[in-house]
Each structure stands twice: as C-alpha cells, then as structure tokens.
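Multiple structures are listed underneath, in structure tokens.
In the two assemblies presented below, subunit A is common to both, partnered first by subunit B and then by subunit C.
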Partner chain A sequence: MDSDEDFLSTVSSDDDIMLDDSENDDMSNGDEFDDAFDEDPDDEPDLGLQKQKTPVAYDVGYKVYSPGDIQKQQEEMMNEVNMILEMSKEDAAILLRHFRWNKERLIEDFMDNSDKVVEAAGIVTSVANPPQLETLSEFMCDICCDDDEGLQSFAMKCGHRYCVNCYRHYLTQKIREEGEAARIQCPAEGCSRIIDARSLDLLVTPELSDRYQELLNRTYVEDKDTLKWCPAPDCENAVECGIKKKELDKVVPTVACACGYRFCFGCILSDHQPAPCELVKRWLKKCADDSETANWISANTKECPKCNSTIEKNGGCNHMTCRKCKHEFCWMCMGLWSEHGTSWYNCNRFEEKSGTDARDAQAKSRVSLERYLHYYNRYANHEQSARLDKDMYTKTEKKMVQLQSASGMSWIEVQYLNSASQALQTCRQTLKWTYAFAFYLARNNLTEIFEDNQKDLELAVENLSEMFEKPISELADSKLKVDIMDKTSYCNKRRLILLQDTAENLANGMLFDL
Partner chain B sequence: MASAKRIAKGIALTYSETNIHVWTITLQGPAGTVYQGGAYTLTLTLPTEYPFKAPSVVFNTRIYHPNVTNDNAGNICLSLLKPENWKPASRIKGVLEAVRQLLVEPQPDDALEARIADEYKNNRAEFDKNAKSYVQRYAKGGADGSK
Partner chain C sequence: MSLGTKRLGKELTKIQKTLPPGITLVKADDLQEWLLDIQVLDQNPIYAGETYRLKFRFGKQYPIEPPEVVFTKQENRPIPMHPHIYSNGIICLDLLGSSGWSPVQNVESVCMSIQSMLTGNTKNHRPEGDADFVSTNKARPKDIEFYYHDNEV
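Moving on to the complex of A and B:
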C-alpha cells in the first residue's frame, strides 16, 4: 500500500514540480502569462487544456481572462446572435443580457416566440430610425416641467419623451449611484423598456461611459456561473472554471489568477486546499462566533444557584460562598451547604443521577474544547506564520540584493530564495487548512495516512523555514544554496503528495463529522 | 406653515416654506377598514437628488400594520420607493395613494412585522381588535396625531 502510494505520487508530482515552478515565474512576471493567452486566438471556453497533460486529482481546469478578453468574448457572442437571428448588434446585446448570456436558450426561445422574447427583454422590433435627440415645439418635460424653446428631448420607441438633462441625470444616478448598466429602464413609471446600448451611447456623457462599460463587462461575468472575478485587490481579471456547485464536497477547485493570487473558485476565499468549502465555512464560523467561549464557560464554570453569577472554581474545597450574594452551596451537587449537615467536605449526594449527568456533560464539553483548541492553535499558528511570511517576502527581495553583492551571484542565481519563500507561503497555507480538515475528519485508517502526510509536510516546512532565516554570510555558502533548493523542492513535493492523497479520498467520499 | 392642501381622497399635505424638502401628510384611515376614524400623520422627505432618487415616507402616528414597523420610526416597505423600481416620472400623489392602498390592503407576504403579518393571515379577529385599539390609542389625537 505504502509503496504503491509513493510510486503513484512521485510520478504525478514530478510533473507538477515543474508546473509549480512555472507558476512561480508567473507571479514575478505577470506579463508572460498574459502573453500566453493573447497568443491563443481561441476564446471558446475550452477548459483546462492549457495546463497539465495528466490531470491530477486535486487540480481543476481553469482559464484566466483579462478585461480585454472579456470584452472580446461578449462581442463574439453578439456577432453570432446578430448573424443567426438577423438583428442589430445592440438588440442582440440586450437579448443576450436578458438571457444572462445563455446563447442557446436565447436562440431557442427566439425561434419559438420572437415577439414574446422581444417584449420581455424590453426591445421593440421595428427597424426605424436610429435613436436621436429631437427639438420639438410645445414640448414640456414631464420630469422637470421645463418647456423652453429649443429644449432637446429624447424618447425611445415607447414614446415616453423627456428632456436630455433629465435623461442624463437619470442615467448618472443609475450608473454612478446604483451601479446599474445592462437593465436601465425607461424613466416613465410602469414602462419596462430597457434603454439599449445605442441610445445610451447617445445620452451617456463621456465621463460616465467608462463606468458604464465597466458595469456592462461586470454583468457579463456576474451573469455567467462559470466566470468569477479574481478577488485580489485591484485585479481586473476574471477566471473561468467549469466546476459545478454540487461537486464542491468532492473537489476543492483552487485556481491561480495571472496576478498570482490563489483562490477557491467555489467560495472565493483564498486557497484553502485540502479542505472543502463547506468544511471551511463551518470552521470559520466556529472560530468567529464565540461558541467556543461558551464551551469554555460550560467546561470550567457553574452558576450560583441563587443569583446566577458565573463562578470559576480555581481550587479549594466544595464549600462555595458566592462573592456576590453570599449564598453558600456545594460545588458538587449545587445544593444548599447547610443541608449537608455532618458530611462536610464529602458531598453525599454526589452519586445522584442529576449530579452525574451534570458531571458527564461537563467532562464531555471539556474534552471537546481541548480537541478544538488543539486544532485551532495549530491552524492559528500557521496563519500567523503565513502572515509573517508575507513580511518575509519583502525581506527576501532585500536579502537577494544583499546576497548578490556579498557572493557575486547574479540575479537569476539568487532566485532560489524567492522560490523558497513562495514554497513556504503556499505550504503554510495548505498546512493551516489541514488542521481545520483534521478537526472534522472522522477517525478511520485513512486518518492515519493523512496525519502522516501532514506531519511530513510540517517537518519539511519548518526545516526550510529555519534555513531561510540564516544570516547572509551563511546563505552565500553554495552548499547551503543547494540544500535550500533541495528542501524547497521537497516541501513542494510533500504538499503535492498530501493534496493528491486528500483529493483522492475526497472524491471517494471521505467521511467528515460535520 | 401653509394651510393643508387636499391632494387626493383622504390625503392632505402641508409643507413649510423654510424647508420644502420635508412635507407633512395627513392621511385619513380609509372607510371600511380597521383604520377608519383614525388620522395619521406621515413625513415625506424629498432627497436633494429628487426626482432621480425616490422620496422616503414614514408614519409619525403609531399604526398596527404588517408593512409598517411597530415602533417610533414607522418605516414603510413600499416597493414603489425601492431604487430599482423608482422612476423619475413617478408622482408623489401616486406614492401617497399607494400608502393609502396599503391600509386598505395590507401585504402580509411582504411584511416588516412578521408577527403582525402572521396574525393578519391566521387570526384576523385578533388582528382587527389590535389594529382598532391602536387607532383608539394613537390615531385619535387630531391632525398632529403624535400623542
């Protein structure tokens, strides 16, 4: 069993080490990644082809799109609908947005009953004149009541006419304040006609149009289940991944954006491999709310039977005197102390059922608390270390510069420090989540394998971490460099083995005590 | 304060010359409803962006109603006033008529007070009794009603 495992994981992980290295390069130089996509003229959502040849259990196929790619995709879809259904591109765009970019359903429904579709989407079919501003005599704007001579006004095909100023004001409010773009309706009460792109181009002022375009792009990504924005601050990319919601208990769909940020496609939280989303959600909730504080209180304290003050017994005998109300009672049976009579310091009601029940509950709660704290402390420790690693990353760069001058190595030659730092961060992130994972894991013989993997990775990480903090003078030693490189690749390997193993078990329905 | 101006059936309006953004509305409890005989004061506030942003309306007089918060704030849930439904061409008169209509026909499925909505649906007699007692207690105080 063991040797089988090793054999399997070595084969697959060797490929992945290379893969991981290339990812690291992308982090330091995002342009390469972008270029790779620009060269790819095929923007159809063919998932996961650009990555590994041999799929690994913990990896999902995904693709990163820049804002330009997203724009291009939308235009291609509009062109396609425009050709098939023989309508203007503006109308095609409105229909596509109405159908949340489900092209197949749009075409099907349109063939079925075009009038109904057109009506529901808020467009009128007559291929009349393009939208334009008009100056009518004796026109009074119904919103601002302005009726000046030469007042420019606008109406869509629904005929609700308002002055240009009011129209612009309305659009500004919708676009800037309410973040609406694709589904802005006619300003008339009860009119659900949607203002089409061509009319908007005419009305939207230049300072609004950027925001408008951005919002339109956004609806495209937000409407499609297979697309999600990269949650990293200031990143404008979107990631496409075909993972289904119901698969999330079996797969942890971790994706890496071109900006270098790794996140889970299922829940948009940062990389939480190997723990599945549901487990992560529970764990975070458990840590966030004070249910554990309550647990501690129930494990370590009792309430005064008279005034309900919470009392922690920190030693001494069972004869309790409440500080607050001076009530005297027995800590064991919670009964009145005076009733204990001669059996002082030896509660004779201790074996009563209510007493034992209370004791059992307390013991149980204490055990569960200790168990939680065991896992939480390790989880929090790795989280803390990961945070420190971030500082370290900046220090690494400084170190690399120092090392260059100290040892005469070139920039390329000191990159091993960068890879080591990256490896540390990724591994700690994984380690952190293995503790949440372990907390919920039902105990069986798979648990032992998991814990062994966890131990191995932890050991590898701590070893590397220790070397990494050595002073520059020692780092310049070429023997140490080789050692660090070895340890880095070992860390990465251990991480992949762990991920591979847990992903396989997850897919086979590993048991959790959720 | 200018004299009250009747703008629709059972709805009168006053506003102050010094602040035209805040209007005071007097609403008569519609005949044939549990609110009959009550007089309700409401405050309508026009945002500076009006009419591109919806006004807000609150009850100053306490009212026992599924769609009005049962507190001193008297907030109303009116779909017409939600940003996605508000249109600049919508009329104040329409808003106030919608409020009045809410008294004629409460919307328990879109409630702000779940308990009252539940009572309205499942124990109408009790609801009617409570609503009427609120009218007696709060809505008989003349035009200002905020007793």
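Moving on to the complex of A and C:
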C-alpha cells in the first residue's frame, strides 16, 4: 500500500509500481477497488484530505447506494431545505427537483429572488392550506363536462378546478403511460403549476402513488451527474462517482456495483479498461459497421450529448429535446439549442466540417482495413473465449463438487478453481479491450512497452485457460492445483500492471490516432 | 360510459350550433371520428381560395389524451403547404403530442390553432426530409416523438 502515495506524488515511476502492486493481488477482483479506497486513509493520514483522488492510477473513488440510501439522501436534502428556507417539505421537494438537486444553487437563488424561483419551479405560494377535495355547487368540469350535483373536485393552488375522476385519469395517464413524475403540470393549458406529492396522494390509488415515488427516485439519480444506475439487469443500486466528463480521455472510471457487475461510469458500458470511452465508442461503431443494423443506426440515430441515450429522429425539425433528460440540442451539430438563436431549420455551423470529416474518416478506414482486421480478430477472439470461459464458469461449480468427491478436498480447498475462473473472465475482458486500444494507439516508444505488457498477460491467460480445462482426474493432482493458483495470481498481477501502466500514460496524455 | 362521451356530446352540440369563421363541421356521425373543413381567411397567397379537410379521431382516453388530427387529401381538398405539415397530412404541432396537450383543449381550439398556424406561415414548402418521412413512417401521429418546438409559424 506504500505505493499509493507514490502514485499521487510522482506519477511516472513505472518500475516501482509494478513491484509494489503485487501485494494487492490476493484480493479478489471485484472488491479490490473498494477495499483499497477505504483502507488508504488509515494507512496514510495525509490521504484523508485527498479522499477524492485516485489511490491507484486506474482506480476511481466511488460508492454504491441501495434504493433505500437514495430515498434517504433525498429526504435529508428536503429536510435541510425545509429548515433553511422555512417551507413545506413538498415545496422543498419541487424546488430541489427544479434545481436538479443542486441545493447550493437553490438556496442562493432563493435568497436572491424567492418570487422568481418559486414562480419558475411552478409553486404558487399562498396560504398554506393542505390540499383537499371539495364539492361545489354549480360546478362543471371543463374536461368531462360533467356537472352532476355533489361532484367532487380538486384544484391546486393555481385554482384550476377539475373533477376528481378527470384529475385521476390525467395523473394515471402521465404516470403510467408517459412515465412522468417530477414535472407533471396542472391539466390546464399553459399552467406550469407542478403537482406535489401530497396532492397526488389525495387523488390516486396507493399503487399509483408507489409508482410515482419510484419514478421520483429515478429522477433524483438521473438529475445528478455524479449518480448513475447500475445497468445490470434487475439491479436497483446506484453508483456515485465524481468523475467529470472532460476527464474521460484521461481516466477510465471503472466501478463495481454491490451486485458484482463491473461497468464504466463514463459510458455505462461493461468494464472496458484500459481503453477510454471515446475510443471504445469508436471501436464498437467500427466493428459494427458492416452489419445492416449498424448502418441503419448510424444513418438514423445519434446519441443525446448529455445522457447518451440513442435517439432516432423520425420527423420534425433539428431542435431535439431528449425524452429522457430533457436536454435540448441541435440534431445537425449536436450543440446546445439555446446557442442557435433564431436559425430554426438550418444549422450552418456543421455542414462544411461534417463533409470533410466524413470523407477523411472514410479514406482512413479503407487504408487501415487490413490493420483493423488484425486487431479485430484478436479482439473478437478474446470476446469469444471469454464467453466460452463463462460457460466454463457455470461448469466450475459442478467441477468443484466432482473434485471434492474425487480428491477428498473440502469446499474451501477447491475454491482456487473459482478464483481461476474469475481471473480468466476479468483478464480476457481487459485483453479484449487492449486490442481496441492498440488499434488506435499512436506508434512511439510507449507502444512497445504496452505491447509487451499485453503479450505477457495474453500468454499467462492462455496458459491458465489450458490448465483450467484439464479433466477432473488431473485437477486432483496437488501439483496442478499449486500451478493453477500460481498462474491465477500471476494473471491478476499482469493485468494490474498493464492497467496501471496504461492508466498512467493516459493521465499523462497518451497519444491516439483517432 | 367512456370517459369522453359526455364531453364529446357537449362539444358536438356546441359546434353544430356555432363555429368560428373559416371552420365548418363536415361529418360527425359518431364519437370516434369527425371531419372538419378549414379555410385561411386572411390574404395569405399560399392558401388563398383553398379549403382543407381535417380528420379528428378520438381514442378511449380523450380528452386526457390528445385526439389524432391529420389533414386528409381528396378532390378539392389538398394538403396545405407548410414546413410543419408532411405531404401525407401529418401535422407536427406540439399541442397534438402528449407533452403539449392539455385536456382542456377541444376540437374547436385545435382547429383554431391549426388555422392560425397556416395564417402566420410565409414559407411555401414541406418539412425537411418529407419524402423520407412519408415513405417510412408507420407510427401513429401522436407516437412520433419529436415535434416542432418553435412557435413562430
């Protein structure tokens, strides 16, 4: 762990780092980041101040939150705003969502001009009566035109009154069908009053209320740049990481969710160390280039510059509003729409440059096709092998049971097979991406070091893979067990060395031919 | 009784009696589909002397959900030229999408919005990518996600 300090102060002494890093090896791959992050402040008091800095060059600080944690965070912020600004929790919640959970800005703006803030967020401040259903005489609902005697109706503080039935239908439509929550407006035309949680509870079934809360929770995570959902299927956790978008060319912010899934915080793809996001994006696009689907996607879709959702434009003008994050941008140049002024239909900022860029890229890809295939075949091979190794992993458990009965070893004693299998998975994932990485790497003296690291890791992985596939009868041999354990540890070590090395070079501005 | 029955009944009673100038009811035999004709009354050379036919279709959720509103083409009833109207009659107007729709809007107010959208227009052309859109679009008008957001025309 001593080496951690070195990484922060001198980021380029490769050799020391390689040696020191070996100490970390016996930690399992999934947890090493967390552990390293948590332990550091104890070992080295100075680091306490630099908690946000990365202890190891390829490592980023992050935290995993359960749905309960997320709920609690929101409530804490609401309580805080509720106390500081002396308003109801419902109003605090609306304001916080309006400010995308930027509490400091909310308080500052509120102190500055509370009327303006309240108006913009859709809160009408008047006497703080709790919302309630009312029965008025001679009332007609403007939505259903019902005017029966005794018709129950509801209005928010804006005074637009509709019958309970219509209100309920309206809210159900918004929540169920359109997935809206934080920004549901009053049904009246042009009224920007936003429905609050208390009014909603009064109007809809508890089941719909739950759904509303769920959607609200989601907007909290989606609104905050430092939070992202774990993309693993059925995982409800969110991960917090302070990485900035502009740092993504220098860091590959890989995080491991509590569910075990490892992904990149920058682009939400599965672990792609050591390749930076931009490179991964290009590589994947390139690899998919020849399929019809990919052609269609590249011809018809773009990604939202803010949240990366894939968007198909199936009509309309160049003014796009991302359905998910509400980011407004120009379809032509992908720039902010607000910078476009009144030139609604034509974005002349892009045309000229796009033409030349596209032509350049085309020429380049033709020339480098052969080179590309070299890297692609190796990339695809590791992907394929990783899949096969994964099949193997499902068989590992069976293997371990068999081995237990064949050799009389205990459950604990056969865990080395599990470790070996996990090491194979992780290392192949890394190896796969080293080929995409190498494809774009500009040739210089660093390239050679990188290729050596890559070669060492590849050799180790293939060796381990071979041992791992031996029949049970041979696995029972205690010498092979020791060999496998050694090789597993060696593979993990080589992987960390490679990651460390590339991460440092990235941070120092490694050159790519993109 | 479905949600919109009473409301549509009232709307129909009203527009059978009176409608703003330039808007006429053509057919409303049931509460699913209505036809209305609209004309641009100002001296806008693009639309002078023409009558256009609008088709309204009401879903089960009307008026919570917007109606589907398109221009339909037939003899003497062309599709008006407008940078927000495709040649198959589909209209890109935010108030016809779920995010711009308010349940307080009605057939009459929609007709008036479309009428004024034509009145104010000076551009005698179709939306960009019209041919493409018309040949490939299979979505229902209200499922098309991106509408024109500018209100200048």
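In this text, the second predicted complex is superposed on the first by the 382 of 514 C-alpha atoms of A that agree within 3 Å, B and C clash if a C-alpha of one lies under 4 Å from a C-alpha of the other, contacts with A are read in each partner's own complex, and residues count from 1 in each chain.
Note that a residue touches a chain if its C-beta (ideal position, glycine included) is under 8 Å from a C-beta of that chain, and two chains touch if they have at least 3 such contacts.
This one's a predicted model, so the numbers in the text were calculated from it and none came from an experiment.
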Touching partner for A:Met320 - first (subunit B), second (subunit C), both, neither: second
First (subunit B), second (subunit C), both or neither touched by A:Pro233: neither
Which superposed partner A:Pro206 touches (first subunit B, second subunit C, both, neither): neither
Of subunit B and subunit C, the chain that contacts the larger number of subunit A residues: C
Partner chain in contact with A:Gly509 - subunit B first, subunit C second, else both or neither: neither
Contacts of A:Asp146 with subunit B and subunit C, given as first, second, both or neither: second
Which of subunit B and subunit C A:Gln173 touches, first, second, both or neither: both
Overlap of subunit C and subunit B interfaces on subunit A (superposed complexes): 142-143, 162, 166, 169-170, 173, 177-178, 187-190
Subunit B residues within the subunit A interface of the complex: 49, 51-53, 83-84, 87-91, 94
Contact footprint of subunit B on subunit A as seen in their complex: 142-143, 160, 162, 166, 169-170, 172-173, 177-178, 180, 185-191
In the complex, subunit C residues that touch subunit A: 3-4, 6-7, 9-11, 61, 63-65, 83, 86, 90, 92, 98-99, 102-105, 127-129, 133, 136-137, 139, 144-150, 152
List of subunit A residues in touch with subunit C within their complex: 142-146, 162, 165-166, 169-170, 173, 177-178, 187-190, 313-317, 319-321, 323, 342, 344-345
